[in-house]
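In the two complexes below, subunit A is the common chain; its partner is subunit B in one and subunit C in the other.
== the complex of A and B ==
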C-alpha cells in the first residue's frame, strides 16, 4: 500500500511486561494472552494517518530477557521511535528503566523519539508503580509518557500514534534528515512535498498486522 | 509421498474446550486465528512398514552408542523416517541418558524435594502457574521495597535469585508451545504438562547453575517431555546442554555463546553461499537475528512438526553440526526468494517464519539429507571467528583486512548490461569464486596448522609414513593462491594466539598455534608452511576436500595449494611453557582429526580410496 513515510519503531523493556501483547493489540486489535515467547525479534506493521498523510509503522518487538540484551542493542540502529515498556504491577521492571534508557540512547540515533509506557493499567488492584512516578521519570528524561492496557486496548492506539506525531513534527521542523535511512524514516511512493501544519487526525485502520 | 490431512490419524478432542488436536498434539485453530497459530497440520513424513519397524526395534534392543554400525544403521532408519511412537526410545539411545544418570551424583527426585521447601514458603505450586506468577510478582515487589535486592531474611528457604528464576520459568511455561495439548489452557492434561515442565526446568537450574535458565530452554525441554518421561527428559536436557557435541556452546547466562555461534554460522554461510550471504548483509540483516531463534529453540518454530522432529532426530545423532546443516538447508531453500527481497523488514520475517512450502517434510528433509556439513568444517570456521575476534581485539596494530571482492570484478559486474545475462552470470561466478577461495584459503591455513601441530609432536602421534612419502614426492612448482590477509598479518595473529591461548579453550574451540615471538618482539613463523601444504594434498583435509571436489572453486583452490614449494624445516617451540601449551592443543587436535578421517574414510567409496592410494 502506498504511504508517504515509513517509521521504524522498536519496543523494548523487561521480559513479561506485555511488549508482544501491545504490538498485537495495535496491529490486530486483539488481546492474545497466550502467545509464543519472543526470542530475538518479531515484526508488526500498520498504516496510520497523520495530517492527512499515510504513514506506515514498521514495528520491531524485541526479547526482554537480560541475556539477550546485547543482541537487542543491534535493533536500535535505524529506529525513529522506541516504546519503552514497564509493568505497573512490577516494581523491578520500573527500576530497570534507567538501564534500558541508557542502552537506547547509546545505540540509537540521538533524535529517536522515546515513549515511556506503563502497561497493564487494567490491573489497578495490583498496582505497584504510581502513575506520578512514571510521569516524573518521563519528565526527568525527556520522554513522552502514557499508561496503557494491552488487554483492554486502553491508550494503545494513542501510544503508537502520539509517538508517530512526535516524529512527524520533528520531520516538519527539519530535525530528522529524512533522506538518511539510518534515522528510521523512509519516504514512501505517495510522498507529496507539502508543508502543511500538523492536524493530527487519528489512524485509519487499513492495514493489519504481519509484515509488509 | 503425498500430503495427508492429519484428521485421518489420531485426532484427540478436548470436549470441554471444543478444541481439536492433530496427531502431534497441536490445536487446530479456526481460520481467523491462523495468523497467530502458524502451525501447519498437513504432514508429509514417510511411514515405515512393519518389517522395518521390527528391524528398528531390534536395533534399539541391542543398541551400542559407540558402535559405528549401530550409528550408521540408525542414520539409515532416519532417512526412511523414524516412527513417532519409537522416537523417544531412539533419542534415549542416542543421548545415552542412562549413562549420565548413573554417573552423576545428582538425584532428580531428591532435588525436587529440596525445591519443594522454597516453593511452599513462597506459597507457590507448580499446579497453578497463573497464581504462581502473581504470587512471585508480589514477593519480588516485596523484596524490592524492603531494599533487600540480593538478600532475604535468613529464616527463609529461598533467595531473591530463586524468586527471579522461579518467576521467569513460570512466565515462560505458557509461552512455550501455547497451542500444544500438553501445555495449552487449563485442562488437567495441560496443568500436569506445565507442572512437569516447571519441575524439569527448575531442577535443571539447580543442577547446573552456570547455565541456570535462559529463554529457549523451555522449548527444548517441552519437546523432550513430549517423548520421554519426566526424569528422562531432565537427563536428556542435561546431555544436550552440557555435551560439547550438542548444545553446550549455545546456552549461557550472558548470551555470549549464541552470539559467537552466530558468527561461526555467518562464516560458514559466507563460505558456502558467498553471493547470498553478501545479499543478506547488503540488506543489513545480521546472522544473529535469525540464528538465535533457530538455534536456541532448535527449529521448533518451523510450522511443520514432522519436519521439526526429523531435524531433531538428526541433531540427536550428529549434534551441533546438524543444527548448522539445517540452518544452511533452510537458507538454501529460500535462496531465490531471498535474492529478490531488498528490504530487511521483508528478509528477516521470511527467515523467522519459514513458509510451509519450504518447511514441509517432503521438501525440507530431502534437501537436508543432500546438504553435507562436516564437523571439522564448523570447527575450522570456529577458529576463523576466534582468529578474527582476537585480531579485532589486537586493535590498530594491524591493517584492516582488505575486502574479499577485488574491485575490478565489481566494476566489471556493474558494467555488464541486461541482455548479456550469461556474461553477467559468469562474472558473478568469478567474484563469488574469489570469495570462496579467500575463505577457503584461510580455512586451509587453519587445517594446515592443525595438521602441522600434530606433526611437530613426535611422541603424541606420528604422521603415517605414506604422508611423509607423498610430501617428498610432491611437485615443487610454486604457485600462490589469492589471499585476503598478508602472511605477516596472519603470523602476527598467530603469535598472539599462541601465547595467549589456554589449553582448555583450545580443546573446546580449537586454536591456531604455530608461531612464536622472538626476543625482539618480532614474529617468527615456526611452521614449515610448505610441508603443511603438502599435507593438504595427502592428509585427511586433502582427502575430504577431494571427496568434496564436485565443487569447482574448492578444487581450484586445492590444486593451487598442492603445487606450493617446500621451504625450511620447522624449529620446535621455544619455551617450556609454550611447549606445554602446544602439547595440550596437539592432544586435542590429534584426538579430533584421526576420528574425523576415520569416519570419512569409511564413507568414502572403495574405488576412490584406491585412487587415492595410487596418488600417494
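== the complex of A and C ==
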C-alpha cells in the first residue's frame, strides 16, 4: 500500500514490561497474556494517517534483558522514534530508565523522538510508580509521556500515533533530513507522486526500492 | 491434559502437525532400527567411545531412551557429575544464596514451562537456572538459557544431569562468552556465519549487503536458543545429538543448509524486513519437519567445513569485533 512516509520505531525497556504486548495490541488489536520471550528482534508494521498523509510505522521490538543490550544497541541506528517502556507495578523497571536513556541517546541520531511509557495501567492496585513520577522523569529528560495498558488497549493507539505526530512535526520544521535514511524516515511512493517536486529524483528512486 | 493436543514431549502440537505425524509414522521404523543398533553397541556400558562408528551412529540419531546417557557421556558431563558429588545441591543451598550475585529476581517471572500440565517441571527449571547462575556468575542468567534448560529437563528428567549438561554446553562445547553480557562469542559466530555464506552462498550474501541486513537480525535466535523454537522439536534433538558429540561446528552446518536450500526464496526479498521474514519462513515446512532427511542434508549441502576453518574464522572475527567496539566506545 502506498505511503507518504515510513518511520522506523524501536521499542526498548526491561524484560517483562510489555513491549511485545504493546506492539501486538497496536498492530493486531489483541492481547496475549502469556507471550514468548523476545530473543533478538521482532518486527511489526501498521499504517496510520497524520495530516491526511498515510504513514507507515515499521516497529522493531527488542529483547529487554540486560545481556542483550550489546546487540540491541545496533538496532537504534536509523530509528526516528523510540518507545521507552517501564512497568508501573515494578519499581525496578522505572529505576533502570536512566541507563536505557543513556544507551538510546548514545547510539541513535540526536533527533530521535522518545516516548516514555508507563505500561500496565490496568493494574492500579499493584501500582508502585506514581503517574506524577513518570511525568517528572519525562519533563526532566525532554520526553513525551503516557501511561498505557496493552491489556485493555488504553492509550496504546495514542502512544504510537503521538510519537509519529512529533516526528512529522519535526519533518515540517525541517529538523530531519528526510533524504538521509539514517534518520529512520523514508519517503514513500505516495509522497513521490503527490509532491514530486519536493522530494526530487532521489526520493522517487528510494520509493521504488522501499517496499517493505 | 488433553493428550491429543500435545506431542510426545508434552508440547502443544503446532499447525501443520499432520504432515509431521506422517513423517513420524515412517521415522518410527528408523528409530526402531537405530535403537537395536545402539543397544548392541552399548551393551549396558555407561561410557561411549570416540570413534568413527559411534560418530556415524550419532549422526543417524540417538534413540530417546539413550539420549540422556549419550549426551552425558559424550559431553563429559557424566565425568564432572561423578567428580563433584553434591555440588549441584550445594549451589541451591541457602548459604550460597546470600553471597551469590544472582538474586532470585534475576530470573524473570515470565520464564515458565510451557508444559503447564506438570507443575513440578517449573520448579526444576527454576532450580537448574538458579544453580547455573550461582555456578557461573559471569553469565548469571541470560534469556535463551531458559529454553536450553527446559529441553535438558525434558530429556534427562533429572535436575542434576540437566545442570551438568548445561555446564558442558556453555562451558566447553560453545565458544566462551555466548551468554555473558557482551555476548562476544555469539556476535563472533554470527559474523563467521556471514563469511561462510559469502563463500558458500554468495548470492545470498549479496542480498544481505544490498538490503543492509545485519546477521544478528536474522540468526541471533538460531544461535542463542541452539535452534529451540526455531526448528521442530525432533529436529532440534537430532541436531543436539551431534552438538554434544561433535561440537559447535554443527550449528553452522544447520544454518548453511537452511540458507542454501532456500536460496531462491531469500533472493526474492526486496527489502530488509522481507529478508527478515524470509529467514523466519525457511525454518518451517516439510524440509525441517523431516528430521532424518534434514540431518543427512546438513552433512551434504554445505560441503566441507573443517573445525580448523571455523577456529581460524572465529579468531579473525573476534579480533575485528573487539577492535570495532573499542573504536566506538573507547
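Basically, the second predicted complex is superposed on the first by the 191 of 212 C-alpha atoms of A that agree within 3 Å, B and C clash if a C-alpha of one lies under 4 Å from a C-alpha of the other, contacts with A are read in each partner's own complex, and residues count from 1 in each chain.
Operating definition for what follows: a contact is a pair of C-beta atoms (placed from the backbone, for glycine too) under 8 Å apart; a residue touches a chain by one contact, two chains touch by 3 or more.
Not measured: the values here are computed from a predicted model.
Engineer: Clash or fit: what happens to subunit B and subunit C when subunit A is overlaid?
Structural biologist: Superposition check on subunit A flags a clash between subunit B and subunit C.
Engineer: Examine A:52 and indicate which partner it touches, taking first as subunit B and second as subunit C; both and neither are also allowed.
Structural biologist: Neither: A:52 stays clear of subunit B and subunit C.
Engineer: Is A:91 in contact with subunit B, with subunit C, with both, or with neither (first, second, both, neither)?
Structural biologist: The first partner, subunit B, only.
Engineer: With both structures fitted on chain A, tell me whether subunit B or subunit C touches more of subunit A's residues.
Structural biologist: Counting residues of subunit A touched by each partner, the higher count goes to B.
Engineer: Going by the contact rule set out at the top, does A:39 touch subunit B (first), subunit C (second), both, or neither?
Structural biologist: both
Engineer: Once chain A of both complexes is superposed, is A:128 in touch with subunit B (first), subunit C (second), both, or neither?
Structural biologist: first
Engineer: Quick check on my understanding: which residues of subunit A belong to both its subunit B contact set and its subunit C contact set?
Structural biologist: Shared contact residues on subunit A: 15-16, 34-37, 39-41, 43, 45, 58, 63, 65, 67-71, 74, 92, 209-212.
Engineer: With touch defined as at the start, can you tell me which subunit C residues reach subunit A in the complex?
Structural biologist: 105, 108-112, 142-144, 146, 179-183, 186-187, 214, 216-217, 220-221, 224-225, 229, 270-274, 276-277
Engineer: Quick one: which bits of subunit B touch subunit A in the complex? Just the residue numbers, please.
Structural biologist: Result: residues 35-36, 134, 137-138, 140-141, 144-145, 168, 171-172, 174-179, 184, 214-216, 218-219, 252-256, 258-259, 284, 286, 288-290, 292-293, 296-297, 301, 343, 345-346, 348-349, 352 of subunit B touch subunit A.
Engineer: If we count contacts the way the header does, which residues on subunit A are in touch with subunit C in the complex?
Structural biologist: Spelled out, the residues of subunit A in touch with subunit C are 15-16, 34-37, 39-41, 43, 45, 58, 63, 65-71, 74, 92, 209-212.
Engineer: Residues of subunit A touching subunit B in their complex?
Structural biologist: Those in contact with subunit B are residues 8, 15-16, 24, 28, 32-37, 39-43, 45, 58, 63, 65, 67-71, 74, 78, 89-92, 95, 126, 128, 209-212.
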